[in-house]
């Protein structure tokens, strides 16, 4: 008898733990002999290409993958069923909606369920496909911890751990040399990685998107530590951190050619701003970049990802479509996709975590 | 004007994150200029010795300690105010109750609050001292995650991470050599470390105190993987795991001299049992021991420990004595000490975590 | 035109870096288009089995394997062409010499060169096959660093690093608790891993096969640190460390049932001996076991293994058969296989490394 | 009787292992009861300041420091006895020679020997002081491995290990996303860290100061991997890597504003150059910065540093002044300071290490 077919896709930015989710789905499905699991390469793109790029995911395919970063079925930030790029005769590009075509392909291929592992953008697509009748279940993924419908997702704690280990290394060398160390971490809209790293590492300053900073207050705080020429200090800055309106004055921008530094990352921008604001201490920059998104997930994330994968398949069995897996109150539950995409999870300025950071002397430059 | 004095003690087994709690208390207290923080060496023993061993904990004393394992004010499993060891004239030892004397010393020294960081045993002492009028606040600590009144404590995730990294290393060598690898981890009464490690690492068998194992079922499961002479397998066993009654027959014990192996740790015992049960594959043992309790805490535990420390001091300010800090539903709250010591946190055999483990093919030998 | 065929085999115990050697051979061979590389599974066993187990090793097969432990063509400590196990009619086992058959198979399969990656035992086989006319080149491999013909081999530094990281974790917890920590590491005949770990970690006692220990001197040294009840101490012991003749007296053996402890590993034996010798401090044991042999090699070993692989293939091109790759005086050279198997590399008791260890206060119990 | 006084100083950039050298000197000196060891803060600056900043280095002062990065007696790149900065009346700065004063202070303080741990610049000072009669011994230190008089120094392998671990993390995410990852590592004049990391990690391109690159060849090599839109690639670039003369044309510079990017680090410069040269693939940058110089040294470096420290003190006992400790041909020797400062240790373009890199397919863009 023909087996029931389940499709798994991974979309959006890379995140340690994706492979652990895939493995858990496949291993759990192996206990339900009437199911088989397929993966589409680069989210739905594999299904929309000619020839199709889909792969059977059996136990051999997933053996040992939970310790590896990346995703064996690849991921993408580009394209997608609702905005497929096509080149116009004049060479320019447009986006076309191929979602109805995708729904038809899923039907033709006989997929009776879809599990979509991805972040905010991916789950919006999940919701839209569900509204078109696709039996879909979401698994939340975000390195930045910016999804409101789940307390945590896999990958985030790994990113924090990587950033913290790098921070630890900076501490000893800053201390020996009397320096200001600036470390730039991920977080375009939410400052969770920066905030956790600053607390775990023991930074003096933490700059996050949710709390615009006054460069003069930052410089002043650092100056305090250096006023006798002996101190050292560490700044963790999220890539999306922004100065308060009017703080970077025209004079400041002119002096350091601030505008010209946009390509160098916020760590270099902050460095220039601090020099312009009068800080004379040596400053050194570290930009971790995608080091935070790759490699072996820590155990915490593997356990969480494995729970998500098993739960997602059991939701398939229970036909809980239109729902997303979620980690809430220390257990695994499901929430409507609608709820999952309704809100971002920003750092709340009056949260106990911010209170903790201030409590151990971390300044946010506000 | 004289400052208010806060006493901090750490008791029970070592646990990564203790120093991060101490640092957070001291740094938070530094923002309340009318307080000063003292530490008693080896829990309350420092106060009960002559001369007293207590140290002032100022900012310099706690600089950078959050990244280090151990506790700068040392800890102990021995003695304590309610059972202080004294040697009798005939050389034997008795325990005497010095708790009233301790209460008096605390009063004489002018301590207006006590924060006790420790596990089940330590918090029982906290409760008893609170009942005698000591203004005390508890901070939960257990490497084994066996306290029911908090979802997590610091140290546990570090232990799991250490065990998982070792497990990862065993995988490649088992695969190259067709071997059974047995890894013994901590967990005398609760199997949390073993369970998390087995899921994170991808073990075939996980043996925990909560689920007594049938050695023949374990051997059978391993034999399956080896029936063509090509497999390999990994077993994670908690130090407190026990065979089912009657499973280790007299014949088995006689053949392998099981009784004689008690000193070698459960990994070696299991190895002998498996050979006696007919498993012919090569078996190798790893006993991590106190490696799991020491060294730099992972970022997760540092953030949690720092939150606990800040919260504990703010509870002092709010005079919430007789309470314990707790991490529940992804936030930091306080619970009565009474509640904290009423229940253990065992692995529930019908929990989703056990379901997850079974879902990815882990056998518990039951 | 038919390509020239090169065979690669890995033999003996597992060792981080094996895959890096294989990858380097294959990638270097890809620049010589008239060669192709094959691997036999489990050393020569794959060629001697029916059906044969050999695999083509092309660029795809080796992509990314240099970061992984183990060996993709598996290894074995059993069998081999000169002592192949066969079962007699009565169920017992004998060993037969199938080396002439192997030489014939190599000829028939058209292998024009063989690279054998392995330790002392494997290179003895290499030499014997070379004497039978096989065009063979050796690559030295030993986790224990016990090959005299090369200053270093890959894998050893990884083992030392793993052991040292575990040692570091033990330090903080020993310090908080006043304990003696015993860590057992690999080294059946040579104490290199123990010696390097003891220096890198900062042990008080290091016990190695080359220097038999007096248990009373060991106990005395540890007692010194504990004479006021406040100290802590660390012992690193190689699995092949032995007490001096007559040190473990009959009385000692009787009291602790020393003979019964053989299966528990030398760490547990030493622990019992120390208690019998009167040490009253708490003792805790760690047995790393195969954790030392597996997982990702450190960069040092990957660079060395990659150099070995490239050199080995270039020796094939230069037809330098009967030779072994060697790292000497900070460069890569070749030495006769004869020389490679003539001598072991024991720790010299008058070497500067031992002098260094004694210089920083490490006792060898002698 | 008054003890003989030994002075220890650390100069130049930070380097993991400095503390291990200091600890080894002090522990070894503790076995020669007529010596005591002192440290001057920030190289000789501590002796030249008023009041003097010098500290007694006894066993308690160095307990456990070998696992920590940095240097407990601090270091500096500024000042020094031969070019001490003084401010002129008009606010500008001049450098004055205070070396004769330093020699006099050393005599007055009764230092009978000096051990100077430092790089090329520090050892030039050592040589100059030795020529003025100071009984001095050098210990080589360079994160960049650019000292010719020693095969290796401590710290370098730690830097390579840190860079390689980051590289490993980039691999999985690049693979999932089809990206070019550029990782900038240290190496202003010598490309050792970049070269070792590229081999250990498995890069496609490695750019080092010793081999100026042709940006079009680099782009071409990367384009090859991407010509079907599916590949990914990794570039390791040393901070001192330079394009060949004439390669970065005026047009290129104009288009990308190359000159404006100087402050952003060479990773960002290369990224802009590649885009200008027509590479359309996504590019992401990582700049490790001082993360490479800090934190716990790996075991290899601790063992080497400990040997250096013990050797240095034994050279003091043997009065081998004017000499420097050196690791050569797998043993510890001494070489004249004169020789130590005569030559740099650049990567030789015809060395076997470069041959190895090319052998596994790494392009240098030449």
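Read from first to last, the chains carry the letters A, B, C and D; within each, the first residue is number 1.
Keep in mind that, in the parts below, contacts are C-beta pairs under 8 Å (C-beta built on N, C-alpha and C of every residue); 3 or more make two chains touch, one makes a residue touch a chain.
Predicted, not measured: the structure shown is a model, and the values here were computed from it.
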{"item": "Separation of chain D from chain B in steps, with touching chains one step apart", "value": "2"}
{"item": "Where chain C and chain D are represented by their mean Cα positions, the distance between them in whole Å", "value": "32"}
{"item": "Between chain B and chain C, centroid-to-centroid distance (C-alpha), Å", "value": "34"}
{"item": "Distance between the centres, which are taken as Cα means, of chain C and chain A, whole angstrom", "value": "41"}
{"item": "Overlap residues in chain C, where contacts from two or more other chains coincide", "value": "168, 171"}
{"item": "Chain-chain contacts as defined at top", "value": "A-B, A-D, B-C, C-D"}
{"item": "Residue numbers on chain C that touch chain D, as the complex places them", "value": "23-24, 27-28, 30-31, 64, 66-67, 151-152, 157, 160-161, 163-164, 168, 171, 196-197, 199-202, 296, 298-300, 302-303, 306-307, 310-311, 313-314, 328-332, 352-353, 355-356, 359-361"}
{"item": "Of chain C, residues touching chain B in the complex", "value": "13-14, 18, 68-71, 74-77, 162, 166, 168-177, 179, 181, 257, 260-261, 263-265, 267-268, 271-272, 284-295"}
